[in-house]
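Heads up, the next two complexes both have chain A, just with different partners, chain B and then chain C.
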Partner chain A sequence: MLFAVLSGFIVAALAPWLMGFLKDRIGWGLALLPAGLTLYFASFIPAVSGGEVVLQHWAWMPILDVHLSFMLDGLSLMFALLISFIGTFILIYAGAYLKGHEYLGRFYVIMLSFMASMLGLVLSNNLISLFVFWELTSVTSYLLIGFNHRDLDARKCALQGLFVTVAGGLALMAGLVMLGLVSGSFQISEVLVADGLLESPLITGIIICVLLGTFTKSAQFPFHFWLPNAMAAPTPVSAYLHSATMVKAGIYLMARLNPALGEHMLWTVLLCSAGGITMLLGVYLAYSATGVKKVLAYSTVMALGTLTMLIGIGTDYAMIAFASFLLGHSLYKGALFMIAGALDHETGTKDLTRMGGLRKAMPITATAALIAGLSLAGLPPLFGFIGKELMLEAVLSAEWQSSLLLVAAVLTASLGIAVAAAVAIKPFWGKVGDTPKKPHEAPVGMWLGPVVLAATSLLFGILPFLPEGWVVAAAVTSVKGQSVDFYLSLWHGINLPLILSGASLVAGAVLYALWGRTRAPLTMVNDVFSRVGPEVGYFRFMSAMTGFAAWQTRVLQNGVMGIYMIVLIMTTVVLAGYTLLSQYGLHLTLTGIGEVHFYEWAIALLMVMAAVYVIFTRSRLGAVATIGALGFSVALIFILFSAPDLGITQVLIETLTVILLVLVLFRLPGFSHYSSRFEIWRDGTVAVLFGGLMTLLMLGALDTRYFETISGFFVEASYPEAQGRNIVNVILVDFRALDTLGEIFVLAIAAMGVYSMLRLRAEVKDDRG
Partner chain B sequence: MEHLMAYIIGILFGSAVYMMLRRSIVKLVIGLMILSNAANLLIFTVAGMTRGAPPLIAEGALMPEGAVADPLPQALVLTAIVIAFGVLAFAVVLIHRAYEVVGNDDLDQMKDTDT
Partner chain C sequence: MTEVKAKVIKSNTVILHTASLFLLPLQLLFSMFLLLRGHDEPGGGFIAGLVAAGAFVLYLFAHGVDSTRKILRVEPHDLIGAGLLFGVISALPAIFFGQALLTAQWWSFYLVGTEVKLSTVLLFDLGVYLVVMGSILTIVMSLNEAEE
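On to the complex of A and B.
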């Protein structure tokens, strides 16, 4: 399985190169990979449906309990099959949709990387590697949404999607780490059977953090707003990421962790309420939208809400409904998105109100749309019908707020039928619309996917034991944590769900009939709500954040060097001073002051006078001379205290310095008096504090000695090992020769800097001349 | 002597910081020079100061006779003195160049990256 996951990344790296060979057939060529993966995963069907869980393990960072380990059970298998099966047709479709696009190669690189990340996500058996793949899907999806990077809107929407999902990802990481710590293992297979998880004091935090991650990823209320905006992506991306795969990552994780966390009340309440609200809000927004991709995006939000709610309900029926609804939705939504892309491609508009009667021009697309639409509407004999019936059944079986959820579910079903009709019937039947381009049938690459997916919906609806035996039963076992006895069928006899379905069909038909007339009032209502919705909060937050960043930059990076230095110095003074005084105390010692010779006093006095005089002098020559006096005093100190080499060097350097200063500084203007009285006092205080701190630090260092000096080694080894009698020189050129080499480099770089600045000036002058 | 030096070095650091906080660009350079002298003295002093016993080995001996001054801080300071001169030379040319470009020696006027 490691190779199955990595193959996507490998082929992604080769994609631009393959472009050169395959040219326009690139989509077909690359689709061989997911097609092969579909077969590979399908080969596990007998084992997994027999109840086996396939585990494979590669140690990655064993010391951190992070592994590239994979688990293939019913749930993973269903997702893996959907990802590779739908991925096959998406790649073919993209080849036709983006034919001749200048960045097609780049598109395939990101798309294949995304596919591989998604496979890694659903197959991971390790919380940390799952998180890594999770973030990879966020990043690749950002690149895909912003694929038309010259378009400002696309970039903004991509950034929005990234911010929302990555912010949730941060919370998720905290949740997963806590989960791993509490259950004592980061392996998911072990987390699911860990004891005492629900009794842990961290359980509330775990649930909230994990759900923040999954809700943002799966566009649950109040984070649903990024998903419709993500439709700025090219349609193949929307069809793949924002219907069948990425947005289902959150759903996957909730389903995956359901056996471990599902018994907790908070889990039930949060999932049911967020899911229920998202479902209803999504279908309402889908009904009120007119752009074909927007309608589909909101209906995806609806489906994601439904799935979340079903996990939250958590009964046997809910789990069966979850698996069936998920499968059904992926099939018809993938198909419908591809059809939407074909419509856009062939008619030149996304606006549903301008489409109509396209059945004659695009017969194949129309048939696929009709079937997929029926499945979306939940009508027999499509697989979507089974999913919807089970969903109603599940809501009836709910233990928490069953009646409220039922009202929401029936409303959703009714509106859903109207939405399905708007997408699948409106463009193809009725009066011929007025479209910018003269419509004709889409190329084979663009109708193949919808046709296959729609046909699969039909096949699974008529023969429901096929998906049941293959993956649905095993997936239900994974989500429930134990096996559940059931069979899928179209006909369950006349029962409450069927009656509710019938009622919603009538209501849906009425709502569709009113579709044209409700546009204007609904747009008005939505305009009002868009001013208070969560998306407004997002924009407020973003502008506040950039505002804060600008303010902070203005304050901290104000360009005044004095302020920078004061901040740095005072931070040092406060931190070091506090530590020194609190740990060591204030000790103004004067040890050995009586042994100081009079000439040493004289030098000390000279240095102090120089230091003070230089502050008050207004003459540049005086300042330079004072600096010279200070430097030579330092040289004297070196010589008096047994450091002849230092003394010699200091005298040489000091001489050079004075010459340099005299040469250069006198080309600069004289000292001006810039500072105000306040600045003088402020800088003086800072200087006194810093000088005082240094004195105290030195006294502290002199009066405490934690360990002996290491110089003994150099003194003893100098002659026997390095054949040198001047120990300081031996250290410089032998024991610490690399340091000296570094020093030479510093000087060389400084010399080059000086030289280039002088040259630069010469050239500027030449230019002027 | 070390303790007396601690007070003197404190004064040197204070003087250096005050000079570096001036807006006149020449004073900045002078502050920098005092700072490097103060830092060198600090390293030299805290290792202990010894009168009249340089770390040299007499002709024919394998080791110095008796205690000598600590050679390690001397080696460090020797490096530091030379580096400080390199930095100073660079700084002096840099401010001279900056003055030529900006036409002003007030540091507060040198706030922009574009001139």
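On to the complex of A and C.
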């Protein structure tokens, strides 16, 4: 399974080269990967539906209990199949939709990376690796929403999606870490059976943090606003990430953790209320929108709300409804999004009010739209009908606020039917609309996906035992934590859900008939609410944050070098000095002063003289040269105490420092007294304090010997273990090589900093003059 | 514009001009010497990198930025990239032997009667060498090219 996950990343890296070979057929070529993955995962169906859980394990960071371990049970299998099956058609579709786009190669790189991350997410058996994949999906989603990066709106929407999901991701990380600590393991399979989780004092925090993550990811109220904005992405992205897969990551995680956390009252209340509100709000907004992608986006919000609510309800019925609804939704919503893209592509507009009568021009697309639309509306004999009936049944079985949820569910079903009609019937029937482009049938790559997905909806509706036996039953078992006896069928006899369905069908038909007339008043109502909605909070928060950043930059990063140095040095003096005096006290023992040779005295005297001269000289060049002399004296001391490496390094560094300073000196104005008397005294005090501190530290270090020094070990181990006689070098490149690696990176960053700073200045000047 | 800039630093002494032509290869040889012997005797990538950078800086003072860039053949910041790459690559072989990252790997063989010791440590030191040299040259050359 590791290879199944990684293959996506590998092919992603190769995609730009494959572009060169395959040209316009790139979509078909790359689709072989998800098609192969679909078969691979399908080969697990017999084992998993038989109740087996496939576990695979690769140790990653065993000390931290972080592993690349994978678990394939019913829930994971259902998601993995959906991701790779829908992914196959999305890749083909994208090839046709973005045909000839200059960044098509880049698009496939991100798309395939996303697919691999998503597979990793749903297969992970480790909380930390799950989180890593989770964040990867956020990042790839950001890149895909902002794919048309020249469009300011697309960039803004991409950032919004990123901020909302990543902020939630941070909370999620805290939640997952707490969850792992409380249950004593970061392996999900062990977390799910951990004892005493619900009695832990941290449980409230865990639930809230985890839900912040899943609610933001899965666009639950009040974080739902980013999803419709994510429609700035190219349509294949919306179809794949923002309806069929990524936004279901939150749903997946809630379902995954349901056996562990589902019994807690807070879990039930939060999931049912947020889910219920999201469901109702989503369907209302879908009904009031006119852009075809917006309508679909809001109806996705509705579906995500429904799924959240079903997990919250938590009864057997709810779990069955959850699995069926999820499967049904992914199939029809993926199809409808692709159809929406085809409509946009062929007619040149996204506005539903301008479309009509397209069934003659686009017969295949129209048929697929009709079937998918019926499934969205929840009508027999489509699989969506089974999902909706079960959903109503589940709400009736709810133990918390059943009647309230039922009202919401029926309202949603009615509005949902009107929405389905608006998307699937309005563009294709009725009188021919006035569209910017003359419509004709979409190319085969663009109708293949919708047709296959719609056909699957129909097949699963007529033969519901197929999905039930393959994945649904096993998925229900994993969400519930125990096996549940049930069978899926279209006809359950005349019962309350069927009657409610009938009623909502009538209501939906009426609402659809009013669709044209309700545009104006609904737009007005939405305008009023958009002034107080959660998105306003988002914008307020963002502007407050940039305001705060600007303020603290003005205060802290004021651009005066001297102030920076004073802050740095005084912080060191106060912290280190306090620690030194409070822990060690003031000891001025000068043992061994008699053993100092006269030439050592001479060097020390030279250094003091040089330091004094630097302070009082009026010549910059003189100061630089004197500092150089100071450095060479230090080098001499190194050599006297038999450290030739340090000595050589010091000499070279001093030489280069002088060269650099000379280069800079050319650019300085003439020498003059710039500092006021106060500044001179202030700087002098800081300098003396720092010098004093260093002296005390050195004396203290010489005086105390708490531990054996490590140098003995280096001397002994250097040749036998590292095959080198030069201890300094062995330490640098072998014993402490990681430190050195870090240091050369720092050096490189510093050099690039200088380079870009000077270049940037030069370019600004070039622009001006 | 580069003409004007170059003049700021470019020295006109004939002695330095001529001497630097001979000093540059000698200094570079010396830096290689320091690099290769570094594991057993005083020397090593860091020192060798400083010497090599010093060699080019001297040449730069005598002949100006443009001719230095010409004999260097690559942009100094590409040296940084190459050095970091070597550093990272040298960390990897240990993984294939199931050891901790950066564990040194040695291969020694006899070539015309002399023992030649190759190792990831040497590659790592070469990385340090290139980064040090590249960083200093990047800074010096940018400073030199920055306008008055």
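Rule of thumb we're sticking to: the second predicted complex is superposed on the first by the 559 of 769 C-alpha atoms of A that agree within 3 Å, B and C clash if a C-alpha of one lies under 4 Å from a C-alpha of the other, contacts with A are read in each partner's own complex, and residues count from 1 in each chain.
FYI, contacts are C-beta pairs under 8 Å (C-beta built on N, C-alpha and C of every residue); 3 or more make two chains touch, one makes a residue touch a chain.
Here the structure is a predicted model, which is why all the values come from computation and not from measurement.
Colleague: According to the stated criteria, A:L758 is in contact with first (chain B), second (chain C), both, or neither; which is it?
Modeller: both
Colleague: So, does A:G684 touch the first partner chain B, the second partner chain C, both, or neither?
Modeller: Touch partner of A:G684: chain B, not chain C.
Colleague: When the two structures are overlaid on chain A, which partner does A:T589 contact: first (chain B), second (chain C), both, or neither?
Modeller: first
Colleague: Identify the partner contact of A:L656: answer first if only chain B is touched, second if only chain C is, both if each is, neither if none is.
Modeller: The answer is both, since A:L656 touches chain B and chain C.
Colleague: Name the contact category of A:V664: first (chain B only), second (chain C only), both, or neither.
Modeller: Both partners, chain B and chain C.
Colleague: Per the contact definition in the header, classify A:N726: touching chain B only (first), chain C only (second), both, or neither.
Modeller: In the superposition, A:N726 contacts both chain B and chain C.
Colleague: Once the structures are superposed on A, label A:F745 by its partner contacts, choosing first (chain B), second (chain C), both or neither.
Modeller: Once the two structures are laid over each other on A, A:F745 reaches chain C alone.
Colleague: First (chain B), second (chain C), both or neither: which does A:V614 touch?
Modeller: In the superposition, A:V614 touches chain B alone.
Colleague: Check the residue A:D734 against both partner chains and state whether it touches chain B (first), chain C (second), both, or neither.
Modeller: second
Colleague: Using the superposition described at the top, determine whether chain B or chain C touches more residues of chain A.
Modeller: More residues of chain A are touched by B.
Colleague: Need the overlap of the two footprints on chain A, from chain B and from chain C, as residue ranges.
Modeller: 644-645, 649, 653, 656, 660, 664, 667, 724-726, 728, 732, 740, 747, 750-751, 754, 758, 761
Colleague: Quick one: which bits of chain A touch chain C in the complex? Just the residue numbers, please.
Modeller: Residues 644-645, 648-649, 652-653, 655-656, 659-660, 663-664, 666-667, 722-726, 728-730, 732-734, 737-738, 740-741, 744-745, 747-748, 750-752, 754-755, 758-759, 761-762, 765 of chain A touch chain C in their complex.
Colleague: Per the contact definition, I'd like the list of chain C residues that touch chain A in the complex.
Modeller: It comes out as residues 8-9, 38-47, 50-51, 53-54, 57, 77, 80, 83-84, 87-88, 91, 101-102, 104, 106, 117, 119, 121, 124-125, 127-128, 131-132, 134-136, 138-140, 142-148.
Colleague: Which of the residues in chain A come into contact with chain B in the complex?
Modeller: 558-562, 565-566, 569, 589-593, 595-596, 600, 604, 607-608, 611-612, 614-615, 620, 623-624, 627, 630-631, 634, 637-638, 640-646, 649-650, 653, 656-657, 660-661, 664-665, 667-669, 671-672, 674-675, 683-684, 686-688, 690-692, 694-696, 698-699, 701-702, 709-711, 714-716, 718-720, 724-728, 731-732, 736, 739-740, 743, 746-747, 750-751, 753-754, 757-758, 760-761
Colleague: Would you pull the chain B residues touching chain A in the complex into a rising list?
Modeller: Per the touch definition, chain B meets chain A at residues 1-15, 17-27, 29-30, 33-34, 37-38, 40-42, 44-47, 49-59, 61-64, 68-72, 74-75, 77-79, 81-90, 92-97, 99-100, 105-108, 110-112.
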